[in-house]
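Please go over the structures that come below.
Presented sequentially are two complexes of chain A, the first with chain B as partner and the second with chain C.
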Partner chain A sequence: MRTAAEPTVNQLLALADDELILGWRDSEWTGIAPFLEEDVAFSSIAQTEIGHARAFYELAARELGGTADTLAFDRSPAEYRSSPLVELRLVHDWGKTIARHVLYELADAIRIAELKESDDADLAGLAEKIEREEAYHVMHAQMWADRLAESDEGRARLVAGLEELWPYALGLVEGAARERFLASVRERLPFFSPPDVEPVERGAHVDEWAKLWDEMTMVRRSAPGGQW
Partner chain B sequence: MSVAAALTPERVWERLREIPDPEIPVISLVDLGVVRDVAVEGERVRVDFTPTFLGCPALEVMQRLMADAVRELGGEPEVIVRSDDPWTTDRITPEGRAKLREAGFAPPGPRPAVGQVQLVDIQRGPFRCPYCDSTDTRLDNIFGPTPCRSIRYCERCRQPFEQFKTV
Partner chain C sequence: MAVWEVFRQEREGQPFQHGGSLEAPNREFADAYAREFYGRRAESFALWIVPREAVMEVREPYVAPVFDRDYRRVDGYSIKVKLKEAREAAKSAGALSAGAG
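Entry: the complex of A and B
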């Protein structure tokens, strides 16, 4: 019997989809971030997120068949289990990008910590490894949130982003993890009061998603079965 | 005596020790600590491999290089990617750390006893410049040219340098 700590294959896919799509969105800052260090940072974060997506797809493929690539690129847009939070196109709005970054990383830390308790040694080991790598994303997100919060304009932009994205962020985690997420946000982002709203749940894709899917899968669809 | 009969784990380890890391060729895969185990059964050679950073594009190259090396010895390779025993920078050998430093890469610090590395650790820790040995260095960017590295700046010799992340 599956214990409470064991994720379903759909939860693994949701995780993988979140990481893949966020990685893609983060990579949109490559070359146009506010300064060079952030070009490097967002590109590196994007690379790591996509690496994590691949690892989760490989685990899901044990049950579903196929490979990481078929799961990542051969599904129809409606089949993805991503959170709408990661689908949003935020490029050009740095305040909102940092708001998503910090909300995502705080929620992600909670679900990765849960996976470390899995009875599946591969999944638990993978979660432990991912947690160590994600620690650098968390510190980067927190550093930027704190930096923006230091000035009136920065704080206003960040908080506007946090308020707008909060219902989406709540949809990242389920059940009791939502309470833990809320507590973490209150502790780490003291300048933000999370509004009491209904979460935007998975399955409700945002308008920008179809265009991103088209872009993400274009090469794969142009040469089916191609090997690089 | 056939070639395969002469295959021993020691010979395989010795050969693996000659394989450079694809991105940082000053260090071998064995010094990097990614080879967890070698088992030989007749001609079959099983190499247990623990990936470094999951987003690292060198991982597939590493696996191919190890399989090729086993074939050169006359063995039939099976490279197993282990997820249950995650790699950590603590597995880089002392020899590996010395080679990294000589090549201008500051080796990683030890993992914290509890929890994960915090920003304050990498902002205030005693990181040593690989060029002039000064610890008067500061964090310039948490992220660098590859997932495994950060960028620091040495205030003494005024040189930026690459610092391995601790994971």
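Entry: the complex of A and C
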């Protein structure tokens, strides 16, 4: 049985933009993560997210034309369909970073499960591949949330981050998926009571976005049409 | 934070060999990091993740040699000549039996 309508190309772009920008933000921890092992692991997760973005852009390019690169880097800042959650710059707050990580991964798991049901064989196949890697991300996010929740200070910082980011996280998914997301958060993060708030929807961008866009597209803009 | 030793098995049925070590606060973290470092590129079939304190290390694991017992070692013996003689003996035995047949 179909659980959701076929995603539009704009929803595909939203997914791709989320993964690209979160990958970029997570990579800001490279070299300064809490310890060496985590530095490698978190950088690797950042890289995987960007790989997923590329795959989603390629699917969107079937309809929109261009390539993954033109979609990723040649649009104006206002054209990105990313969720404000992924645009926030969270270095050097590890507690908040883990709060975003776990909220994002739990929402993403719901999104990817929906895509697996798509009638578009390319999209369903891609979702299945991505799910295998995202399973590791969920595991990583959950172990960190649990670890932080073990100590008073860790739990206070994590929960403060979850409370602050919750309205943004709600904006990641739409419609009935929101209820499923809420249920998943209640189950996986029992130390957090999600407040009843208005979601921060896609469309608007946070202040930090313009600076990040500038940094992300700088090299490509410096050599238009360059072959790498 | 504890140190964990990671052993990897490249293919099913092969022996596990030491891959390296990592630091992690508990089993879940050790599991996640070991997968990341030794499983991400499908380079391992299975992993053993062992807390270092569970490994029993024995240094200089021999009884110190007090007397000269060179004769116990095999590296001084040449079996080349012995082998040659044995082959020749086998050959002439074969020739004999062939002749007898």
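By our rule, the second predicted complex is superposed on the first by the 223 of 228 C-alpha atoms of A that agree within 3 Å, B and C clash if a C-alpha of one lies under 4 Å from a C-alpha of the other, contacts with A are read in each partner's own complex, and residues count from 1 in each chain.
Operating definition for what follows: a residue touches a chain if its C-beta (ideal position, glycine included) is under 8 Å from a C-beta of that chain, and two chains touch if they have at least 3 such contacts.
Just so you know, these numbers come straight off a predicted model, no measurement behind them.
In the superposition on chain A, A:124 makes contact with chain B only, while chain C stays out of contact range. Of the two partner chains, chain C is the only one touched by A:147; chain B is not. By the document's definition of touching, both partners, chain B and chain C, reach A:139. Set side by side, chain B and chain C differ in how many residues of chain A they touch, and the one touching more is B. By the touch criterion stated above, A:47 is placed in contact with chain B alone, chain C being left untouched.
Look at A:78: by the touch rule set out above, it reaches neither chain B nor chain C.
Of the two partner chains, chain B is the only one that A:55 touches; chain C does not reach it. Of the two partner chains, neither chain B nor chain C is touched by A:219. Once the two complexes are overlaid on chain A, the chain A residues touched by chain B in the first and by chain C in the second are 37, 40-41, 44, 136, 139-140, 143.
Across the complex, chain B meets chain A through its residues 53-56, 82-88, 116-119, 122, 140-147, 151, 165, 167. Here chain C touches chain A in the complex through residues 1, 22-26, 28-29, 32-33, 35-37, 40, going by the rule given at the top.
Interface residues of chain A facing chain B in the complex, by the touch rule stated above, are 37, 40-41, 43-45, 47-52, 54-55, 121-126, 128-133, 135-136, 138-140, 142-143. The residues of chain A lying in touch with chain C in their complex are 35-38, 40-41, 44, 136, 139-140, 143, 146-147.
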